[in-house]
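Just below is one structure, and these are the notes that go with it.
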Amino acid sequence: MKYRDLAIKNANDLIFGNTPHPVTTKRGLVIGGGRVYPELNFTLPSIEVSPDSKEQVIEHYRQITTGALERAKDLYSQGVVLELETVIEMTKYPDIGVGVVKTMNEICEEYYQKHQLPTEIRLTPNDLREFDRPPRQRTGAYLDPMMQLFEEGAKAGGNLLSIESTGGKEISDDALMMCNMTQFIFSQAVLGVRDMHFLWDKIADVAGKTGVLMGGDTACGFGNTAMVLAEKKYIPKIFAAVARVATVVRTLVAVEHGATGPDKDCGYEGPFLKAIAGIPISMEGKTAACAHLSPVGNIAAACCDLWSNESVQNIKLLAGFAPTVYLEQLEYDCRLMNQAVHKGHDACTQLQELMVNSDISYDPQALVLAPESVIEISKEIVKGNNYIEACVLGCLKSVEIIDKAYKQDKLTLNDMELTWIDMLRSELEAIPFNEEKFIDLVVPTLDQNKILLNEYGIT
Amino acid sequence: MKYRDLAIKNANDLIFGNTPHPVTTKRGLVIGGGRVYPELNFTLPSIEVSPDSKEQVIEHYRQITTGALERAKDLYSQGVVLELETVIEMTKYPDIGVGVVKTMNEICEEYYQKHQLPTEIRLTPNDLREFDRPPRQRTGAYLDPMMQLFEEGAKAGGNLLSIESTGGKEISDDALMMCNMTQFIFSQAVLGVRDMHFLWDKIADVAGKTGVLMGGDTACGFGNTAMVLAEKKYIPKIFAAVARVATVVRTLVAVEHGATGPDKDCGYEGPFLKAIAGIPISMEGKTAACAHLSPVGNIAAACCDLWSNESVQNIKLLAGFAPTVYLEQLEYDCRLMNQAVHKGHDACTQLQELMVNSDISYDPQALVLAPESVIEISKEIVKGNNYIEACVLGCLKSVEIIDKAYKQDKLTLNDMELTWIDMLRSELEAIPFNEEKFIDLVVPTLDQNKILLNEYGIT
Amino acid sequence: MEKIIEQIAHCIEFGKIDKNSPFPPDMKGQDGADELVKSALDSGIKPSEILSDGMIAAMEKVGNKFTQNKIFVPQMLMSAKAMSKAMLHIKPYFQDGSVQQKGTFVIGTVSGDLHDIGKNLVSMMVEGNGWNVVDLGVDVSAESFIETIKQYPGCFVGLSALLTTTMVSMEKIVGEIKAASPDTKIIIGGAPVNQEFCEKISADAYSPDPQGAVSSLNKLLAA
Amino acid sequence: MEKIIEQIAHCIEFGKIDKNSPFPPDMKGQDGADELVKSALDSGIKPSEILSDGMIAAMEKVGNKFTQNKIFVPQMLMSAKAMSKAMLHIKPYFQDGSVQQKGTFVIGTVSGDLHDIGKNLVSMMVEGNGWNVVDLGVDVSAESFIETIKQYPGCFVGLSALLTTTMVSMEKIVGEIKAASPDTKIIIGGAPVNQEFCEKISADAYSPDPQGAVSSLNKLLAA
């Protein structure tokens, strides 16, 4: 644990559009430096991706990029981040992924030259390693093409490197379904953290070699999986809220390895990272409804520096292609926030208050994202002497916040949810902070066919 | 011209969520009485609509309604308006349209009984009469099924009657393309007004008989056509802005015939109607990007009472069906506004200021929708001794507002746009207020094959 | 190139229809496309040369300016009107074969659909590019298309649809036209339509805009 | 109904696996599904009766509660575990024919797709409803499905896909299975899939959730 103090100590300073350590990109976006930009995400419609269909794939991304940037220009946008999150085959055959980056980058450059529209590409290779079952995080054959895409893609114009890495997922999936918090924390603070160290070391190498920025990681496969399951009423919202907090430490490891942000959108560790490390972050909420329904639609924007739609297929809506439509929606959301930034800190605080109050009383997942909660929880996290302690302390604080809000009648919870407050608290309190002890406690409870511990350096 | 004074005289009082004459619906929504509700709009994906496919059509609407209301319930929504805007065959064979209303109403009732979620159906038969070319507004065969759908649909649960009526369209289309403001005003203040009197007399009969509310009309086929054309850069934005204002008087006629609101979303006469008559209004902006791109994404919300997405097909996005996705987006937009309403007038004004400033400097179409512009223009409108004078005075004022803002460097306009300020002013100044004279002036310039003047009572 | 041809081109490009037309203001009182074409013909210049080097070349410029958003529709329409007026003088030479039209383009909005603004733009641009255009209007049935195709052997067909529901009509009409006249090339357009849909319903080309319609037609013609 | 069968149903419904299992807290130390099924069999109650009236009936209740959002997944999983444990005692009677399983359900996530949370839920619910379930895991190829179908003649197949890109694999796999074994009934699911797509790729049924999968299977079985 490198961070032992907060970069932002006061909830009032945890606000959209500004952060202590803004990031300036090649084409001049200043992220976190006084303006919120849209981050557009998109994916292919239902088509086959293979080396044979490379041209067709590239054509889709060409059309997406042109449509979005043309609209951004017409809306007088001050800048846009485009995230290229690859699908499997684009990583497996890095040549496809690189081809897409290249094409997108040409279009970005054209709009920059011709219309002074500054844009940047976030390159997010999907974490292929999970394709082996059990996953082989370090020794599997999938690591190579993935790292190749990072490197070649960075050279081709992918100026912000990110990933949703999956270390620990082979344990977390079942842990979520069984609502087993002990195992979930093991997947994050032990497996996740170890894998993050391994992986971000490599990504830092690539970034150093190619001179691009490291955006960051996100626990999408963990925190957002929990949220989606809770949204389907499969698991308690309280469990999902605490699980969300449990993901922070593993994502923080990327920052320890030099990631400067903007952190990625699709987990919500961002606000905690911003509080702890002062880096700019990307967030997604109501305008990502295209990708998943959400209980944190407005509050998610409370301290964002980029505002994203998470993902939308390239299909036609009445107005035009869906990515263009979502670019417009994001742009207007950003305009509103930027008007407040322009007016000054008070205006920002007032708008933020509306965003926060909009959601916090309905769902504990929203509550833990309120700037005050984020600061309180982050303070606990940096107290931890190791990742496990940091993780558990953060989780315990979030249980406390939820409990208190419920008792003060500030949070709606039904009876099915309620019983989980005490259950979670006692489960968390039983977790040993010593890593070896924790391993000894949890490993015997795991299905040994599902995990290769030596892939995490555990012997 | 019934209205000779404004219901809201002060721009500061023209605000979202509240209006002098709120409307209470059967299931207890109080529209314009201290809360903004979402108004969800939707349409069929690409399927054939005919008496044979009635069941399939109804099934789509069943799924749309259930998906949206289930989500509304989960988001703790305080109420939703669902607009059923029929497509041609559903009006031509009113039986289909009525079947859909009935099914939707059953689901609404179920959610009301089981979950206390109050919802209301706005029934908007499409104006079939334009199917005759030239249209036969009064004597055509299409009038009957359309009025039948109004009546049977009202009985089946369509509690808010609305229409986007098309009187004058046979003239306005070409007038827009040729940027002929004289003809466009003729299409609105003469043909439109006359047709509105004819049609809303009939709708008022139906509403009286069936005991439902009259929402209102909208000049979608005029104002929004102009906007879409301007957005495509086919006609000047200035022309579209002034054309937008020119539509107000014809839509006001519905109110004169007893429409209480909420006025319909897809033209932007709403703010003017709210200022003049104090009725609640529905508006659409950024979250209607699914239906059309827009230069008024945020400002459109400045004084809305319902907030709509205009239209989205029932197709699948990653999160689920598009209408459910848009319900969520609207709901969060409304939550934000309602937080401000809850906090008080100042909070509303502050949020409104952000919405307004977000858009007004980029586009004259946004500028004319700013509350201050709306009040100024409305004041001119109610000065008119007849509809033509009212219309022209309103348009002249909007030209003046645009001119002034440009000269004060508050509005961006390129050279291609600029020349239109003077051209429009002199064209407007040449229009005679006397209806007979105006008819004599314009009729000879019209293509006589396109219009039957006696269908408007002009002999 | 003859001076007068350049002048004709200028009139078409800027929408100077005839001596009396008020646009563009800076040419007030001067001869327009109407007068200039007439005197060019009188002075013995080949009608085909006037048409291609003067008129069509100018319309192509107009089309490009429009595509690049350098002019608005009314300006384009003015050019189209100048073109039509001038064309009246050229028409007689079609009969005697000294001027060739590219072909006939039959266009209409499909049954159930009344949107015609987009279709009108397309038909004007195509006409301006030297095609004979037969506009069947809106809400046009398959039979009506098939009838018209019989009257203009070798013609090309354009279908427009703006409603997702009438995309179904479009599919049907393409099917029926192809059944009745397999060699007829069909080009489709309208906001909800796209390349994929074009392939799905086996139409021959799709274009998102009028300028694209012109190039597609030229391509199909060459093929 | 025998008292003990009611008790078995209770244990399954509330996830009481065996005497040692800590859930539900209020049954601590009491016999669970494991012990009770054993003693029921010992006392001569017909295994088919235990299975259908006790165990499957309880699982149906669980399924309904889950569908109505009255319990969370972990509770359902506890019930599924109690069911599995109890099933061990019933299994021997399958061989001798005194108890019949509904059939075999082969399920997997299609090639290229690693999402398995949804598929796992489906397989557990189907198993709990008296089916023999063969779970092939994720990233499963057509060959692997076809191989397995050969091993379980008359089996039903379930395909899951969560990515729009792997919907293409799903279509292919359905095609190949149908080519190799035309009578095999295929049921599909996963977030991006819907009824329309099901019809398009000629699968036999689609369901949006596990409970629906069970009813679809029962319907296909009856057909």
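The first chain written gets the first letter, and so on, giving A, B, C and D; residue counts start at 1 in each chain.
Following the convention adopted for this analysis, contacts are C-beta pairs under 8 Å (C-beta built on N, C-alpha and C of every residue); 3 or more make two chains touch, one makes a residue touch a chain.
Note that the coordinates shown come from a computational prediction; the quantities given were computed from them, not determined experimentally.
Engineer: Farthest chain from subunit D, going by the mean of C-alpha atoms per chain?
Structural biologist: C
Engineer: Taking each chain's centre as the mean position of its Cα atoms, how many Å separate subunit A from subunit B?
Structural biologist: Centre-to-centre distance between subunit A and subunit B: 39 Å.
Engineer: Once you find the CA centre of subunit C and the CA centre of subunit D, what distance in Å lies between them?
Structural biologist: Averaging C-alpha atoms per chain gives centres 63 Å apart.
Engineer: Please report how many Å separate the Cα centroid of subunit A from that of subunit D, as a whole number.
Structural biologist: 34
Engineer: Would you mind pulling out the distance in Å between where the CA atoms of subunit B average out and where those of subunit D do?
Structural biologist: Whole-Å distance between the two chain centres: 52.
Engineer: Return the residues of subunit D touching two or more other chains; collapse runs of consecutive numbers into ranges.
Structural biologist: Only 164, 192 qualify.
Engineer: Where in subunit B do residues touch at least two different other chains?
Structural biologist: 43, 313, 318, 320 - these are the residues of subunit B that touch more than one other chain.
Engineer: Take each protein chain as a node, join two nodes whenever their chains touch, and name the resulting shape: line, ring, star, complete or other.
Structural biologist: Looks like something else, not a line, ring, star or complete graph.
Engineer: What is the complete set of touching chain pairs?
Structural biologist: The complete list of chain pairs in contact reads A-B, A-C, A-D, B-C, B-D.
Engineer: In the complex, go through subunit B and note every residue touching subunit A.
Structural biologist: Residues 43, 71, 74-76, 231, 285-287, 289-295, 297-298, 311-313, 315, 317-320, 322, 324-326, 328-329, 331-333, 335-336, 338-340, 343, 347, 350-351, 353-355, 357-359, 362, 412 of subunit B touch subunit A in their complex.
Engineer: In the complex formed with subunit C, which residues of subunit A make contact?
Structural biologist: For this pair, the touching residues of subunit A are 316, 318, 320.
Engineer: Along subunit A, where are the residues that touch subunit D in the complex?
Structural biologist: 43-49, 87-89, 130-131, 133, 173, 176-179, 225, 229, 233-236, 313, 416
Engineer: Under the stated contact criterion, what part of subunit D meets subunit B in this complex?
Structural biologist: Touching subunit B: residues 164, 191-192, 194 of subunit D.
Engineer: For subunit C, which residues are in contact with subunit B within the complex?
Structural biologist: Contacts found on subunit C: 69-74, 77, 112, 114, 116-117, 120-121, 137-139, 163-165, 167-168, 192.
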